[in-house]
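Sharing a structure below in structure tokens format, with a few things to ask.
Letters A, B, C and D mark the chains in the order given here, with residues in each chain numbered from 1 onward.
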Amino acid sequence: MFLKEYFGTIFRSVRSLLKGMKLTGYYFTHPKEIHTEEYPDNRATLQMFDRFKGEVVMPHDDNNEHRCTGCQACEIACPNGTIKIITKQELQPDGKKKKAIDTFVYHLELCTMCNLCVVACPSDAIVMAQTFEHSVYDKKQLKKVLNKPGSKIMEGVE
Amino acid sequence: MSLLGEDIMTEEGEFVINIGPQHPSTHGVLHLKVWLDGEMIKKVQPHLGYIHRSIEKMSESLSYRNFIYATSRMDYLSAHINNQACALCVEKGLQVEVPPRAQIIRILMAELTRLSSHQLWWGCTGLDLGAVTPFFYAFREREAVLAIMEESCGARLTQNYCVPGGVMYDIHPNFQNRVKDVIKQIKSKFQEYDDILSGNVIFEQRTKGVGYLSPEDAVSFGCTGPTARGSGVSCDVRKWFPYDGYEKVQFKEILETGGDCYARYMVRMAEMKQSVYIIEQLIDHIPEGDFQAKTKAVIKLPKGEFYQRVETARGELGVYIVSDGAASPYRIKYRSPNFSNLSALGHMATGSKIGDLVAIMATIDLVIPDVDR
Amino acid sequence: MDARTIIFYLLAATVIGGGLMAVTSRKIFRSAVFLLFSLIGIAGFYFFLDQEFIAAVQVVVYVGGIVVLILFSIFLTHGSGEDMKKPALGRAVFSALAAAIGCVLTMYLISEHTFQGSGKPALEPSAGNIGAQMLSVTEYGFILPFEVVSMLLLAAMIGCIVIAIKVKVPEQKVMPKIKEETEPVELEVVEELKTEEV
Amino acid sequence: MSLFLEISFSAMANGLHNWLAGSISNATLVSVTEMAIAGVSLLLFLVPLCFFLGYMERKVAAFMQIRLGPNRVGPKGTLQIVADTVKLLFKEGLTPNASDKFLFNLAPIIVVVTSMLAMAPIAFAKNFQIWDINIGVLYVSAISSLAVIGILMAGWSSYNKYSLLGAMRSGAQIVSYELSVGLSLISIVILTGSLRMSDIVASQADGWWIIKGHIPVIISFVIFLIASTAEINRAPFDLAEAEQELTAGFHTEYSGMKFAMFLLAEYINLFIVSAIAATLFLGGWMPFHLGNWSFFNNVMDYIPGSLWFMGKTFLIIFIIMQFRWTFPRLRVDQLLTLEWKYLLPISMVNVIIVTMMAIFGWHL
């Protein structure tokens, strides 16, 4: 029964190989199955998921107002020291002094997109943006100031 | 100048080659020093530490909420399960009840992670054995799974979705539909996986009887996960020490008795199907309710030692926290599955050929950052 | 000087130059490579004489077979990359003398011998004719040389096997036979740990 | 029909010969000129051929792997391979310090020259052949056995352990697979009774051997495909350069143009092997004829022979490419097992059957 086993092996082997070739042949003849995402070409239509964690941004409204109170909860929550908040004392119209942010420094190069700062923020001042093309030629460009120049805190945010 | 002098061969005529740290099949920066006799491997010595980032030490200076993110970078292919392990350990210390919804979400995500990890492993196994095409088929399905992750967790690989007390935010409204679609797609592709790789005679020849690991050796080397289950060692943490409600889920612990590369391969292939089965059970039964238990803003664990084990895609991950009552852990130690599994590599590879070494490495499914941490 | 002469001298230069380099080279691998050139030059001569079959056989047997075997045995040799020692002067002189005597002897024999054609019409060297001639036992048949050549190849093969046999058999790890029904081993260690958990 | 054949290559070659013979009186000069023309046109044919094969390989691989493949340089990525060549041309050709520099530089040349030499007896169309040598088949297998020396040389002289291992593997592989290639070629030679390529093609005027010789010839065709894939070091038999095991095997240390030469040789060898298979088993430039269907046969005759030849060759090239992009690689001992335990015994028995077929006239 040696011969039977010998030719049985050959038969099974050839059949298994042909099975694989049938599959690759199928995909070769069905270009519709192609799965490639032509990335730089589809930039205009590319839609990221709304939760995608690209970078931390601070939304400003039309009056150039943000919601950051300068409480530094995000700075504490950040595991990498990505966020540095420089605060100042701002004179209110009623004469009282109030803590406000001077600059909200965000080091994108240190950020791991863990979302802990956004979760920690009590006033929803920072959110994750869906951008993902972060490459720059100079590392300095990755250090960002999130509050726009001349912006101030929104009315009613404590 | 000597071309084949003593500097290439040792006194006994052994040929010493260094595979890695940069090599097409080491999946990272693993450095293997291999003593050869012709093509036959006489000894293998792994050299570690090329990607050591001292995650354990780093975690000692971070708060209990913050240190979890770093574990995503250990075994980056089962990042969610690593996060889950840490969250569970902290919860154990805090004695917090995780809401059922959060538990189910965690299990679903963990199984999706396992699925995506095994898919990547399947592709890479083919790649290591010289078949390039399966890699792309694997990635097609993996992309779909990762899209689910991205939609709900906001990231594809390093999700940081688990927090002490539950999950960071609720699942996306599309989650259930998308999972169902993907599961349907994946189930239809299992046959293709078998056609192109599992059933292929060359693949069987390359893996059957190669890299034998006896059950006794598997236990003594501390192997866990599919590596040990391929040798018939029952060690699924999900069965033995259920966590996050795995006890309520029906699934089979896959055991193969071959102990060779093919057995480990078959374990993982069957585990993919089991993961799909678990997801199918749960996806329509996600309970309503909170996704996160209330925890204090600053978590402080009581003084003591806490240990939690979970089953990652590669085996048992243990998180050991020593707390002195402060806001950050006193000491953290991870028992990573890959480190123990790697220790068996030399034993398995001795006496086989270079081509077998690649096959063994592929079926142990090494992730080097998890070895070095 | 016509084209044939030029080709002849080029081939001759290849053969002789290759041979000389093979003998004088200090590196054993290079010697083998120069030998290869020399043998290819001889094959070129056969092509030059319109004996394509012999030429192809020359390439197959000597270049594809013998030289590859030589290269293989060089691979297996220790220290094949090192320069060989210069031979002692006496030995060099002796070798040169022996070569010169052989050369003179051959030249003498060739010059003394009067070559006569067999008178038969030249055989058209097609595959069929060659095959028939190779196996014919008639006057101009080649069955005996053919057999002798195969003996030569057999001898070469046995020699190679003898060289390749290792005296010391390296220890090999024998793969244990995989039992069909191995009982799943339960992790007892895990059981103990379970109770110790905090 | 005549219109097509007139403008086909064979007519061109004949016309050229007649024109040269008419204008130059010296016969030697005529043949030297013809040789030069043949050499130049061979080069002019080979370089675009290799460009095309490189492009084809990438596209075939991509489509099998549900990818698009190169599509940036030129329309549909057609100029990608040109860009790669330019890159390789300008890349520094490194020679390792400890290598045997003479052999290191000689090896790629030997590999390319041998594969170019093997192009000589391939019949592209009727009477369109560089050298219709009377031992065509034997010549090709003799020359292709030279290629192994280039590989051994490259592996040994690089002073790299991976290269050496790759060269050893390649040597064992090529030497053993040559037997199966030879035996499967011999089965056609037995049926034809000639080693001359043109005779072999002519013998298939009434039907290709793969049809005429049915089962035994199909078996030797399959064996030829497998063994020649192994002989040209292509996956699943690419142990000599097994990327995952030996990084790049025997050409680990090569870069720039020297590396490009190995690549060039690989593609030329691929073409030669496919061309030989097309000539011996699929009728070379003979059109496909079906029994007595004169209309069908006439239509087939309108397609020029060179197109038939190229079509068949590229079909086989495609199959060999599909092997590469489907199968895992064999291990070195399995490679030898396959040859000595399966291919060689089967082809030996097959040769005996073919011989009986030739004697008793069992073929169609």
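Here is the rule we go by: contacts are C-beta pairs under 8 Å (C-beta built on N, C-alpha and C of every residue); 3 or more make two chains touch, one makes a residue touch a chain.
Just so it is clear, the model here is predicted, and its values are computed rather than measured.
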Find the chain most remote from chain D, comparing centres computed as mean CA coordinates.
A
Contact-richer chain pair (by C-beta pairs counted) among B-D and A-D
B-D
Taking each chain's mean CA coordinate, chain A and chain C are separated, in whole Å, by 65
Whole-angstrom distance, CA centroid of chain B to CA centroid of chain D, is 45
Centroid distance [mean C-alpha coordinates] between chain D and chain A, Å
51
So, what's the distance in Å between the C-alpha centres of chain D and chain C?
25
Quick one: which residues in chain A touch 2 or more of the other chains?
17, 20, 23-24, 35
Multi-chain contact sites of chain B, meaning residues that touch two or more partners
1, 3-4, 133, 136, 140, 196-197, 200, 202
Residue numbers in chain C touching two or more further chains are 29, 81
Could you please specify the touching residues of chain A with respect to chain B in the complex?
12-13, 16-17, 19-20, 22-24, 35, 49, 51-53, 77-79, 112-116, 119, 128
What part of chain D is in contact with chain A in the complex they form?
60, 63-68, 322-323, 325-327, 342
Listed in rising order, chain D residues that touch chain B in their complex are 61, 64-67, 98, 100, 156-157, 159, 161-162, 164-165, 169, 235-236, 238-239, 242-247, 325-334
Report the residues of chain B in contact with chain A in the complex, numbered from low to high.
62, 65-67, 69-70, 133, 136, 140, 143, 147, 150-155, 158, 160, 163, 168-169, 172, 192, 195-197, 199-202
List of chain D residues in touch with chain C within their complex:
28, 32, 100, 102-103, 106, 133-135, 138-139, 141-143, 145-146, 148-149, 152-153, 156-157, 159, 164, 167-168, 171, 175, 178, 189, 193-196
